[in-house]
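Each of the next two complexes has subunit A plus one other chain: subunit B in the first, subunit C in the second.
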Partner chain A sequence: MTEDRGAQRLVELLADHEDDFVTQWVATVGESLSGRLSNAELERELRDLYAALRSGLASGALASREDGFAEIRSLLVELSRNRARQGFTPTETAISVFALKQVLEPSLTGSAKDIRAYLQLSRLLDELGLLTAEAYARTREEIISSQADQLLELSTPVVKLWDGVVAVPLVGTLDSARTQVVMERLLQALIDYNSTQAIIDITGVPAVDTQVAQHLLKTVVAARMMGADCVISGIRPQIAQTIVALGIEFGDIPTKGTLADALRHALDTIERDKRLAENRGSLL
Partner chain B sequence: MTDRVPVLQIGDVLLVSIQVDLEDRTVLDLQDDLSKRIVDTGARGVVIDISALEIVDSFVGRMLATVAAISRVLGAETVVVGMRPAVAITLVELGLTLGGVRTALNLEAGLAALRRAVHTERPDRA
Partner chain C sequence: MPGDTARRTESIELDGSAGVVKARQLVRSLAQEAGLSLVDQTKLVTAASELARNTVVYGGGGRMEAEAAWSNGRSGVRLLFADEGPGIPDVELALTDGWTTGGGMGLGLSGARRLADEFDLDTGEGRGTRVTIVKWAR
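The block that comes next holds the complex of A and B.
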């Protein structure tokens, strides 16, 4: 019963001062955002929210989870997503909701009914504010994961360096997921470019540990099984020291200091193979 | 009755093109057929084309190594050609490296690899 009356009083209050409240709300929020969002846009957003809040309260709902607030929930999630993309902080977004409390304060008469109504609204707005924070975090996570995907795409190009030679300039740390992508791309490139030589350049790999070496070895073995030779290049002095200190064995895989050396090695090998395979009349 | 993998002779080379899914029985038949043909023809090289092979297991991986070893005993060099990227990745994940098996990107490169192998070996044998 008492809850019902609280909602009733809120609906009245919000209906009576609609224009006043919205104007003040826009002013308060506009101040906190320090002009990074145009007033017209802000007013449109907040007016929508206000209307949704009123209709939610009018339906008798008081907790943000209830069906009556479905509209304002989706509005807030949308608003929070946009704010997250525009680079606003979660605080700034949440304040947009909390500011309505501040706006309402002066119009309270101080009667018990008003106080109950205000507390009711306050609780509701707290929940809605938290909702925006949640939506904000979710949006940021989506952005981060899509950026990680883009990074994976960007950071593993396979280039044709010469006839029969492809190279993969690796940039960044090599983990299992990236090794998989690098391996797939490299092996496909071997077929596409009909290459018998592959150069894996690790100039851009910040550190080589046993795990990274393991991934490199896997890639080399896979390329070998398809019939291509691999050279690892771009081993900086620092990295060479680490490799020796860790006792990493690259076995019979040729390693070179620079990409240029590796290319020369690859071309020499192609030349030597061609000479050795020269057709002497018969098939063999 | 299981499919048998045909073994074709081109000059000094035997060509085995695997076009069917390999069952264990097929693999064993192939080993039999191939070793017999090497002896009969006196072939110097064997090319195993696996470009149509999409799925491999460790048994097939081991078969390739075994066939190569058998051929070598009989005096023929083996080269495996046309391995697909997915197959190579699978074999690596299975921990098989096919060490000791010559590989090449395609048939042409495979024949070149055989020529290389035969020519570099000839002085040793003489």
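The block that comes next holds the complex of A and C.
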């Protein structure tokens, strides 16, 4: 019963001072965002939030998870997502909610009813503020994981270097997921470009450890199974010394210092194969 | 060690491949600060990569502690890889080239020993593994 009267008082307060509160709210939040969001946009957002808050309270709800606040919850999630995407900090996002407490304070008379109303609003806004923090964090995680996916896609192009020669310039760390992508792309490119020569260039790989080496070897073996010759190029002096010290052996896989050397090697191989085929033809 | 001054030790959780990447990046920046040549930087980073992965794969996760080191006027980097995993029952065998229980190349531990200037392996069945390596600037 007293709970109801408290919420009643809150609804009254919010209704009586609507324009006042929203204006001050926009001013307080706007100040903290230091002009990085237009006032018109901010006012539209906060007016929507205010309306949703009022209708939620009018429905008798007091806890943020109640149905009455479904609208404000979804508005806040949307707001947090936008803030996260626009590069605002979690504090700058949560302030949109918490600033309302500050705005409300001067209008309180100090009566028991007002104090109760303020405490209820305070508890509600705390919950809603936490909701923005959660939505913010979730959005950032989504952004990070989608960027990781994009990197995976971006950093593994397979290029046609010459007639019959394709190359993969590897950049960055070569883990199992990347190797899988590289291998698939390379094998597909061998078919698409009708190539017999593949060059894997590791100039952009900062360190070759046993895992990277193992991944490289597997890729080469797969390419060979399709009848292609594979050359690994871009072995810099420090990488060569490290590979030797580690004890990794590349076996009969040709390795070259530069991509240019590898291309020459590939073209020579194509030329030699062609001559061999011609000789065989003239013998018949 | 004489001449050693108290240094800030940086610690990295090794709980997955992301930890291995972080460890590599930290080791590279420490190696650059210590004035290691490009070859020695690469060797140390590669050794760290091997040992960090061992910690994750065989030790079930652990941590890496990294610090700058000084001795006889030389600067270097000291790395400790520690896990509370099952430990290595036969150290001799584990340091044999090509021997592996995990489907790798079997060169990580032995290779790391060759890549580092100092190598210390403290392990035993059931008491985890602690590997310390040091690389000095020339």
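Methods note: the second predicted complex is superposed on the first by the 278 of 284 C-alpha atoms of A that agree within 3 Å, B and C clash if a C-alpha of one lies under 4 Å from a C-alpha of the other, contacts with A are read in each partner's own complex, and residues count from 1 in each chain.
FYI, a contact is a pair of C-beta atoms (placed from the backbone, for glycine too) under 8 Å apart; a residue touches a chain by one contact, two chains touch by 3 or more.
All of these numbers come straight from a predicted model, not from anything done at the bench.
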Which superposed partner A:Ala222 touches (first subunit B, second subunit C, both, neither): first
Touch count on subunit A, higher of subunit B and subunit C: B
First, second, both or neither for A:Leu187, with subunit B first and subunit C second: first
Which superposed partner A:Asp273 touches (first subunit B, second subunit C, both, neither): first
First (subunit B), second (subunit C), both or neither touched by A:Thr196: first
Which of subunit B and subunit C A:Ala245 touches, first, second, both or neither: second
Subunit A residues touching subunit C - in the complex, by the definition given at the top: 173, 175, 206-211, 213-214, 237-239, 241-242, 245-248
Partner subunit A, residues of subunit C touching it in the complex: 17, 21, 24, 28, 38-39, 41-43, 45-46, 49-50, 53, 97, 104-105, 107-108, 110-111, 114-115
Subunit B contact footprint on subunit A (complex, rising order): 180, 183-184, 187-188, 190-191, 194-196, 218, 221-228, 273-274, 276-280, 282-284
Of all residues in subunit B, those that touch subunit A in their complex: 10-13, 44-45, 79-81, 83, 85, 88-89, 91-92, 97-98, 102-106, 109-116, 118-120
